[in-house]
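First chain written, first letter: the chains are A, B, C and D, and each begins at residue 1.
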C-alpha cells in the first residue's frame, strides 16, 4: 500500500527532551521562588505578593537553582557511577545533617538570646567578650560554613580521586570542625548558665563524624562500589544480637557519663552529681547504692554478658543476659522513682509527685538495659547458627535468606524508643504524641484494614471516630441527654461499648453499599462521614449539643481493688495507655493478616471475581473489614474524647477522613508498620514545620512533601511485601536495567 | 408555584456550576480511571486568574453597557478557562505523569493529587491572600431581573441567566467536541482501551494532557462564574469540588452527559430542600439538612443504579 | 533486504527475561507465522515489534530503518498495524467509529480502503451502526482486522486471530488473511493453532521460553516431527 | 536502586528523628534565670498567642496575631515597661483537638506570662483547664461563646462581650417592633449560641419565630434568602460572622426581602460593610461594645496597623491589641508589686481596669466582662458606614 510517513521523536524544539527538561527546571525554580519568602498578598493589592516574588532580583537566585538542577540532571548518568563508590552516601548524609544542624535546628532554646535559630545565637555569641576566643571565632558569621565546605569538598575530592592522603586530611578536618562546634556550643551554654535543651550542636557533631567516617571508608575500602544493604546485612549476620549491644554501649555511655539524671532548678546533674546530691537524703539504700556504684556495675556486667553471649552464640548465656538486663531495668526504674519521689517531697521546682524533674540520663539507661536484655533474648532464640547455615559473603550481601534477629532487633529499637523516648521529650512533644500522633496512628491502623487489606476506599472513616467519641460523651453523661444512672460508665469502660456500636454502624453502612465498586464506594462513604458530622451539628433531639459540643468528659481512671490509676492532665500516662491499646490492636491484627480472613481480603483486593469463584463470601468478608476498621476507629474516639475532655463536630470534618487515607497510602498500603509510620510522619511533620516555616505556609509544604513522596516512592514509606509483589511481579523488584516498559505505562490501573 | 420556580432557577444556577466542574472529574476519570482530587484547585485558580485579568479592565461601581458586560464576561470566562487549563496541564505533568511512568498503585495518584491540592490552595493563599471573601468588582447590577417566567411571579436575574447560558454553551461545545472531532475520538479511544488506542496512532500521553486541559478549562470557567456570582478564596474549591465529584458519580462517572445531568440534578435537589412539604417552622428537614438530603439522594440512586443515572459510557465498564 | 529484521532482541519484565535473544526476519509480501506454547514469548515479540514494549537489547529494523524504542503511536505512521490479542475493539463505539479509529493516523479516512474493508467483511456493513461491544466474537475479530486495514498497513501484525472462535469462523478469517496478503500486505502471524497457521504461512518460527528453537518454511515445519508432537497433538512413533 | 532509596529514606528519617530530639528536655519548669548573659539586654517576658495560623480559619488568627504583634512592638519601642517583651506564636489551627499541644508549647516556655487566645470557643474549652492548672492567665480576644465563663476556668478572662449578653437585649428590641421573625444561624459555636439566645427571648415575648441553619462554609445564600422572603417574616436575625453576613446581605437584596435585617456583633465590621456594599445598608447590629471606628485611639491603631501589615485591621485585631496591652500592663504592675510570675500576673489581670480602643475593660469574678457594665448598643449601616443608635434598650 502507500508509502510510510516518516515521523521520529524530537521533531519540534519543544519535544526535544533537553529543552523540555530545561523548561521544567526553570518552571520548578519559579514555583520555588513563589513558595519561599515572606510575601503575602493583601486585599488592597492583589498582585503584590506575586510581584514581590518574581519581579525582584531574588528571582535570579531561584532561576540559578533551576539551571543547576538542569545541569545536574543532564549529567546525572555520568555522575551516577561515582555515586556507587564507597563513602559517597555517608558523605552526602553527613553533609545534609550538618546543613540541617546549622540552618534549621535550634542551637539553644534560651529565649534570652535568640529566637531559636543559629544565626541569632551566633550574633550574640560573637559579641560576647567573656567567651573564649576560639568559641567566639566559631560564631563569627561565615567561618563554620567555610570549614564545613572545606571538609565536605576535601571529602568529595577524596571519594572521586580516591587518594588516601586526601581522605585522611578530610577526616581530620571534619573531626576538628565537629569538635570545635561542640566545644564552642557547650561554652556558650555554660556561659548562659542553663542546661542545653537543644541538640543542634550534637547533630552537627554527628554530621561531621559521618563525613569523617565517609572519608575513612574511602581510604580503607578496597572495593570500587559500595553495597549498603550488604554491609548492613553483614553486620547483622556476623553475630545475632551484636548490633543491639553496640547501640546499647553508646546509649549507656551517654546515659551514665554525660546526661542529666535529675534536674531540679534546671541543673545539669549527671549521675555523679545526682549521687552526691542525694547522699544526705532519705533515699532507700538500694537506690543510693544504685546511684553510687550499682548502676555502673550493672551496666558493665550486662553489657559484657550480652556481648560475650552474642560472641559465643550461647543460648544459656543469652538467657542470662536477658534476665540480668531486665533486673537492671527494674532496679533502674526503682531508683528513678525514688529520686523523683524524694525530690518531690521537698517540692523541688514545683514537683508534686514521683516521676517529675527527671532528666534524660535515667531513661537512656532504661533503653540501654532493654536493648541489652533484648540482645540476650535474640542470642537465646537464634540458637547456634554456625552449624546450621553455611553462609557465604555473597549471600549475605545479596540479602538471600533470613538474617537472624534482624527483625527482632528492629522491633526492639522501636519498643525502646516508644517506651523511653517520650519521658525525655518536651511537654509539647509529649502532648503531640498523645493527642495527635498516637491517635492518628491508631486510626491509620484501623483504616489500613479497610483500604490496605480489603482494598476498599473509605473516605468517611472519621465518622466512626465521631461515633466512638459521642458514645463516650453519652455514657459518661457529658451530653444534654443523660443516660440512666446505672448506665453511667467510666471512659475506659466505654471502649467495649464503642467497639460494639461502631461494629453495628460499620455493618449498617456497609451492607447496602458494599456491592458498589471502588470510586462509587468512596463517594458513598464520604457522604456517610458528612452525614454523621451534620447530624452532630444539627443536634436532632438535642442529643449531640450541636456545634457547642460536649464538655466535661472525665479523664479515664481505673479503680480495681488496690489499684487506683487516675489519668489527669499529664500526657505521659496517656502515652502508656495508648501504647497498651496500640500494642493489643497490633497483636490482634497481625494474627488477622495471617489468618484465613487475611487471605480472603488479599484475594478480593486482587481479583474479586476470582475470589468469589474460590468460595470467598465477598460481601461478608468486606463487611468484616469495614466493621473491624470501624471498631478500631471507635476505640480511638473513646481515647480522644476522654483525653481532651471536650469534643465538637469540628473534630470530625471530611478533611480528617481524607488525611487518614493519605497517611495510610503515604506509609504503604496494606503494611501495618507502613500505615503507622505514615501516620506518625505526617502528623509529626506539621508540628515540626511549625518552627521552620511560617505557620501559614505549613500546609503548602506538607502538600509538597506528600507530592514528592508519592512521585519518588509511590508504594509508600514501608511498602507491604504482598503489595510490592502485586506491583512489580513476583520476582525481585525491578532493577535499573529494566527497560521493558510498556508504552502504556500504568494505564488503566484496573487490571 | 412561584416559589418553587424561584428555587428551581436557583438550583439550575448552582447546578450548572456543579456540572461544569463535574465534567473535569468525569473526563479525567474517563481516560485514567482516577478521581482527580486536585480538580477543585483548578476551579479555584480559574477564579483567581480571571480576577487578575478582569480586575484590570473594570472596577467597582462602574456601570457598563450590556455589550461591554458581555465582553467582560467573555474575557472572564476565557481567562478563567486559560488559567484553569494551564494549572490542570501542570497538574497532570507533575502529579500524574511521573506516577504513571512508575506504575504506581491507583491510590497513590489519589494521594499525590491531594498533596497537589493542599499545595495549590495554600500557595494561592500565600500569593494573594487568605481572606475568605474576595469579590469581583461589581460593574453591573447582577440581580436585576431579566425576565419573569410566564404564568408565575418567578424571575430570572441577569447573573443567573449568564451562568446558565454560558454553562449550557460550554457543555454543548464539549459534547460536540467529544463526539464529533478527532480529538474527541482519541479521548474516547484512550478511555475505552488505551493500549489499543496507541496502536491506532493515538499518543496516549498527549491525549491525557489534552483531556486535563479541556477539563481544566471548564473548571476554570466555572471558577470565574462562581467568583462572579458569589465570592472567591483560596479554599473555595473544596466544597464545590466534593459536590461536583458527587454529581459526576451520580450521573455515572466517566460519562459526560451523566456529569451534566448529575450536576444539574444535585444543584436542583439542594435548592429544592426548602420546598419540601415537611419543611416549615420547626420542620425536620430544614435547610441545615441540605447536604444530608443531597447525599441520601446520591446513595439511593447508587443503590438502585450502581453505576449512576446514565451508567458509564466514556470509560470502560470494568 | 527484508521488510522487517529483528536482530537478537531481549525483553524483560522486571527481573524476568521474556525474550532471550530472538532473531528473525520477514520479507515483503510474505506471511510469517510465530508459533509456540503459552508463555513462549510470541505475543511479547509482536508487542515489541509494534512498539508496545521496548527491548533492552538488540535491534529491530523496518525497511532498513531502526524502529526499536519508537512508541506504538508513532510506528503506525510507518505502516505497521497491530491487531492485538483478544481483538480489543472499542466496545462503546459503533462499528463505523471503530473503523474510523483505525484510520486515525490520517487527517481523513480513505474512503476507497473503507469500501474495500466493507467488501472484505460484509458483516461489518450489516452491523455498521451497532456498538462493537454487542458483536459476536467472530465479528469482533473481523472488525479488529478491518480496523487495522484502515491504517493502510505495509506490515500487519495478527495476534491469535483464531482465539476462542468456532472452527468455521476461523477458516473464514484465515481465508480473509490470505486475501489481504495477496493484495500486498505483509503479515506476521502469531498463532497457537499451528496447523492452520502453517498452511497459510510462507515461513514459520517456533519459540520456546523466549528463544527461537526452530524455523523453516511452512511446509517444512508442518512435517517436522517435533512440531507435530508438540503443537499438532499427533503421536509420533519413535 | 533500591538500596539507594532505602538509604535516602533512612537518612531522612534520621534527620527527622534528630529534629525531634532537638527539643529533648528535662521535664519541669524549663527556661533559665531571668538575668541571662550572652546578648539580650534586661529581662525578657513572653506573651503567647494561641490561635489558628494555618488551615481554613487562618485569616482570623492572622488578624489577631497582627494585633498582638503591634501592641508588643509599640511597647518595646516605647521602652517604658522596664523589660522587653517577646511574642510566642502557637498555632492550633482553630482545632480543639490540636489546642492542647499548642498549649503545651506555650506552657513549656517559662518566660510566658500570659496568653492571648485561643481564638475559638471550642479550642478554649479544650485548654482552659490546662492553662488554669499552670496559673497562666488567658485574655481572650474573640471566643464569645456564652457558656465559657461558666466552666470554671480559673485564669480565664475575655475582652469581648459574650453572646448571651447581647442576644436577649436585641431580642427585646425586636419584639417591640416585629411580630414574626426568622432567625438564621451559621451552625458555628458562636452563631448557634447567639441565635439560640435571641430565639429563646423572642419566643418568651410571644413573637412567632422560624429558624434555619446555614453552614458557615456556604457561599450560596440564594435558597435561604428565598426561604426567608417566602416565610413572610417582618424581620430576620442572623447569628454568624461578617464575611458570611455580607454574602447573605447580598442574597437577601437579590431576592427582594422586604423586612428588617438584624445581626449580632460578629457581623458588625468593615469586612461586612465592604463586602455587602449597598446591600448592607439598613442592617442593624447589636454589640456590647463602643464604636471602635470613632475613638481617637482606635484611629491611631488603624493607621499603625495599616502601615505595619500593609492591610487595614480586620475582625478581632483591635480586641487582640487590647488584650495584649492588658497583659503588658499586668506584667508591669506585677513587677512594680515585686514578683513577676504566672500567678501574680494573673492576679493583676483580674484587677484590670483598662481603657482600650474597644472600650473600658474590667473583668468580673468569672473572668467575663460584667453583664451590667457593657450596655448593649444598637448600630446600623447607613451609606456604607456603621453608625451608632445608642443603647438598645432605649432605641425605638
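Definition applied: a residue touches a chain if its C-beta (ideal position, glycine included) is under 8 Å from a C-beta of that chain, and two chains touch if they have at least 3 such contacts.
Small disclaimer: the values here were computed from a predicted structure and weren't measured.
Undergrad: Using mean Cα positions as chain centres, tell me which chain lies farthest from chain A.
TA: When every chain centre is compared against chain A, the largest gap points to C.
Undergrad: If you average all the Cα positions, which chain's own average lands nearest?
TA: A
Undergrad: Between chain C and chain D, what is the separation of their C-alpha centroids in Å?
TA: So the centroids are 74 Å from each other.
Undergrad: Hey, how far is the Cα centre of chain A from the one of chain C, in Å?
TA: About 53 Å separates the centre of chain A from that of chain C.
Undergrad: Quick one: chain A and chain B, Cα centre-to-centre, how many Å?
TA: Taking the average C-alpha coordinate of chain A and of chain B, the gap between them is 39 Å.
Undergrad: Taking each chain's centre as the mean of its CA atoms, how far is chain A from chain D in angstrom?
TA: Once rounded, the distance between the two centres reads 35 Å.
Undergrad: If I count partner chains per residue in chain B, which residues reach a count of at least 2?
TA: If we look for residues of chain B contacting two or more partner chains, we find 125, 129-131, 195, 198, 204, 288, 291, 316.
Undergrad: Got the chain A residues that touch at least 2 other chains?
TA: Where chain A meets two or more other chains at a single residue, that happens at 42-43, 537-538, 696-697, 699, 733, 735, 741-744.
Undergrad: Quick check on chain C: which residues sit in contact with 2+ other chains?
TA: In chain C, residues 51-52, 71-74, 77, 105 touch at least two other chains, as defined above.
Undergrad: Looking at the complex, which residues from chain D come into contact with chain B?
TA: By the definition above, chain D touches chain B via 56, 58-59, 62, 187, 208-215, 217-220, 222-224, 226-227, 230-231, 243, 246-247, 253-255, 271, 275, 277, 311.
Undergrad: In their complex, what parts of chain C are in touch with chain B?
TA: 50-52, 71-74, 76-77, 81-82, 84, 88-93, 97, 100-102, 104-105, 147-148, 151
Undergrad: Would you tell me which residues of chain D are touching chain A in their complex?
TA: 1-7, 9, 11, 13-16, 18-34, 36-40, 44, 46, 53-55, 58, 62, 86, 89, 91, 94-98, 100-101, 103-105, 107-109, 111, 121-122, 125-126, 129-130, 133, 145, 147, 151, 187-189, 191-193, 213, 215, 310-312
Undergrad: Quick check: in the complex, which residue numbers of chain B touch chain D?
TA: Interface residues on chain B, with respect to chain D: 3, 6-7, 10, 13-14, 125, 129-133, 135, 138, 142-143, 157, 226, 229-231, 235-236, 239, 270-271, 273-274, 280-282, 286-288, 290-291.
Undergrad: Within the complex, which stretch of chain A touches chain D?
TA: 42-45, 48, 83, 89, 92-93, 96-97, 100, 104-106, 109-115, 123-125, 127-128, 130, 188, 191-195, 197-200, 202-203, 206, 227-229, 260, 263-264, 266, 349-351, 356-360, 421, 423-432, 435-436, 537-538, 546-549, 551-552, 569, 571, 640, 644-648, 650-651, 681, 684, 686-688, 690, 695-699, 712-713, 717, 733, 735-736
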